[in-house]
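The next part holds the structures, each set out as structure tokens.
What follows is chain A paired twice: with chain B in the first complex and chain C in the second.
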Partner chain A sequence: MDFSNKNLGVLFRIGDETIYFNQTHLSTWIVMGMLLILAVIVRLALPRFSAVPRGFQNVVEALVEVMSNFAKSTMGERFEGYGGIYFSIFSFILVSNYSGLVGLRPPTADLATTAALGLITFALIQIGGVREQRGQYLKSFFKPYPIFFPINLVGELSKPVSLAFRLFGNMLGGVIIVGLVYQMLPLALRFLLPDVLHAYFDIFAGALQAFIFTVLSMTFIRQKSVTD
Partner chain B sequence: MGAAGAAAGLPDGVILSLDKSLLYNIAIQLFNVAVLTVALIFLLYKPVRKFLAERRQTIRAELEEARAIRDEALEQKEQYEKLIAGIESEREEILRQTHKRAMEKSDQMLFDARREAEVIYSRAQAELELERENLNDEMKRQIIEISHMMAGRFVQVSMDRAAQDRFIEHALSEWSGGGNDDGEGGEGEGGDGR
Partner chain C sequence: MDPKAFVLGCSALAAGLATLSGLGSGLGQGIAAGKAAEAVGRQPDARGEIMSTMLVGAAVAETCSVYGLIIALILLLANPLVALL
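For the complex of A and B:
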């Protein structure tokens, strides 16, 4: 059984280091392509959107409205701008997690993807904290006493790490378990039995992990952006 | 190396590698996610939100307009109700005035009729009185004439014409002078004449 992220070609070389084009890159670009096509379709259809939504328009409006309201309720009115960022990240994680259903290797089953997402959240936390608290933000690392600085620093750095490894571990676990089950079953049974596992590991856990990542990110940003 | 990778001369893939290639892959994925995020925000999220905000604004404006129209309609209704109430009271006032005027006219007519009736009655009384006096006179005259005729027949045998005239004149003057003395004078004269 091979659950590794297979290399499909050479992407580029930097010095003596060769970066390979792997399954994660392929899946990521397919997911990106799908989302971008959807976005272009919505953009083109937008002038024809009616005052009373129905069908496709209803779904698009609901997605945007839900994420916008969710960002407002979780982070507050002032952080409404983060709604767009986390709408995109949530969509990317969700579609990535569901990409396993069509035989792709989920991009979120690669630490590089989840670490990138964790770093984005880490950057937003720091930007939000500095913007809202100004000079008080750095002082917050020395509270309640200066001796707590190392603990506070580790606590801060652990946020993107925990976000990245949680998502990566869950999705890779799902990939491994479903892959093992496929290998265990005879060919005739592979069409029905793994559906239950797909329903859990891809559909349920996929949506749940996307939601958890988004909620935790928003909560971290909110925590660091509130003046003590 | 895997079969496909070996055929292409590529190294085997890994599940998790904490090396320099991970940093490059993180950078690639950061770029991918950043591009996707920016594209989704500007192609989908912001335009849809703008559309929603405009629609919300339109609905709010329409609601405001509807509210204003409703308020105006209520105000007009109130005015009409006041007007109707005014018309009702005016109608009652007119009716009251008309009734009052009719009553006054009726009283006036009744008063005039009563007064006219009194005039007619008093005139009739006066005429009746006059008639009665005339009748009295006539009756007296006839009585006198009858008396005269009776007396004439009576005295035809014992009194001449001059004595009769004197007697008549005397009787008439007695009647016109006072009713109570009539009998006494007449009896006296009659006695004398006899």
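For the complex of A and C:
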């Protein structure tokens, strides 16, 4: 059985290399399109928002408020701004994980997507560390003793790797297990039985992994940004 | 014996062994869930906070078994050893 990322067409050629358009590209663009349309709708409705929220405005304000309160409680008062960044990352991961429910291949079941997300967090950790600690930041790698430098370095580099692999492994594992069950069942039974698996692997694990990614990223950034 | 068949067979065995890494994290998650149940029993008001803390901890504990899963997947789907033959 083949659970790899299938190529749907040729994008372009560079020399002998052919770059393919694959399932991950397709579902990533669908997810991005959905989120962009939602964002445009909110942007267009923004001028008509009133001081007393009602209906749609209530939902939008509640979501933003939940996320900045969450950033405040995990990272501290000063870091409320990270709530915005991680709200977008959280919603991208969540919608990506749920895209498996409509038959798409989740973009997060591709190491390239999760590695990119991990690298965003890695960059934010380093930027936050340098901005908050200045010259002390490099010194923090030599604590408690200079001999710990290699361990600290590996510990720092393993953060994006572990973030990327955790999300990737969980989603790909779900894709493979659900795919195997679909292959195993006769056609007539494919409608009801896999729903339980979808509920666990897509709905529960998908939301949980999106949440974990956000919480861990925020904790990592806070560790390097706050000196105490 | 066909060397490719031997390598593929050993890879399948190794993939099975790699998934044994789920053993430790499964045990750890069970202990975490048990402790969380204890904590809820002692302090039913803090149920939401205990739940979210436990879920984060359990998902972090799951990482090492996910590494095992990824090694198994590499051995099964993108075997680097076959290319060496």
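Here, the second predicted complex is superposed on the first by the 213 of 228 C-alpha atoms of A that agree within 3 Å, B and C clash if a C-alpha of one lies under 4 Å from a C-alpha of the other, contacts with A are read in each partner's own complex, and residues count from 1 in each chain.
Methods note: a contact is a pair of C-beta atoms (placed from the backbone, for glycine too) under 8 Å apart; a residue touches a chain by one contact, two chains touch by 3 or more.
The structure displayed is predicted, hence computed values, not measured ones.
Partners chain B and chain C, once the complexes are superposed on chain A, both fit on it without clashing. Of the two partner chains placed by the overlay, only chain C lies in contact with A:215; chain B stays clear of it.
Of the two partner chains placed around the shared chain by superposition, neither chain B nor chain C is touched by A:140. Residue contacts after overlaying the shared chain place A:126 against neither chain B nor chain C.
Ranked by how many residues of chain A each touches, chain B and chain C are led by B. Between the C-alpha centres of chain B and chain C, as viewed from that of chain A, the superposed structures give an angle of 120°, to the nearest 10.
In the superposition on chain A, A:152 makes contact with neither chain B nor chain C. After overlaying the two complexes on the shared chain, residue contacts for A:7 are found with chain B alone; chain C is out of touch. Looking at the shared chain after the overlay, A:172 reaches both chain B and chain C. Of the two partner chains, chain B is the only one touched by A:17; chain C is not. Superposition on chain A leaves chain B and chain C with their closest Cα atoms 7 Å from each other. Shared interface residues of chain A (contacting chain B in one complex, chain C in the other): 3-4, 172. Those residues of chain C that touch chain A in the complex are listed here as 55-56, 59-60, 62-63, 66-67, 69-70, 73, 77-78. Across the complex, chain B meets chain A through its residues 2, 4-5, 8, 10-16, 20-22, 24-30, 32-37, 39-41, 43-49, 51-52, 55, 58-59.
On the side of chain A, the complex with chain B involves touching residues 2-11, 14, 17, 19-20, 22-25, 28-29, 32, 35-36, 38-40, 42-43, 46, 49, 51, 60-61, 64-65, 67-68, 83-85, 87-89, 91-92, 107, 110-113, 115-117, 119-120, 172.
Those residues of chain A that touch chain C in the complex are listed here as 3-4, 162, 165-166, 168-170, 172-173, 176, 208-209, 211-212, 215-216.
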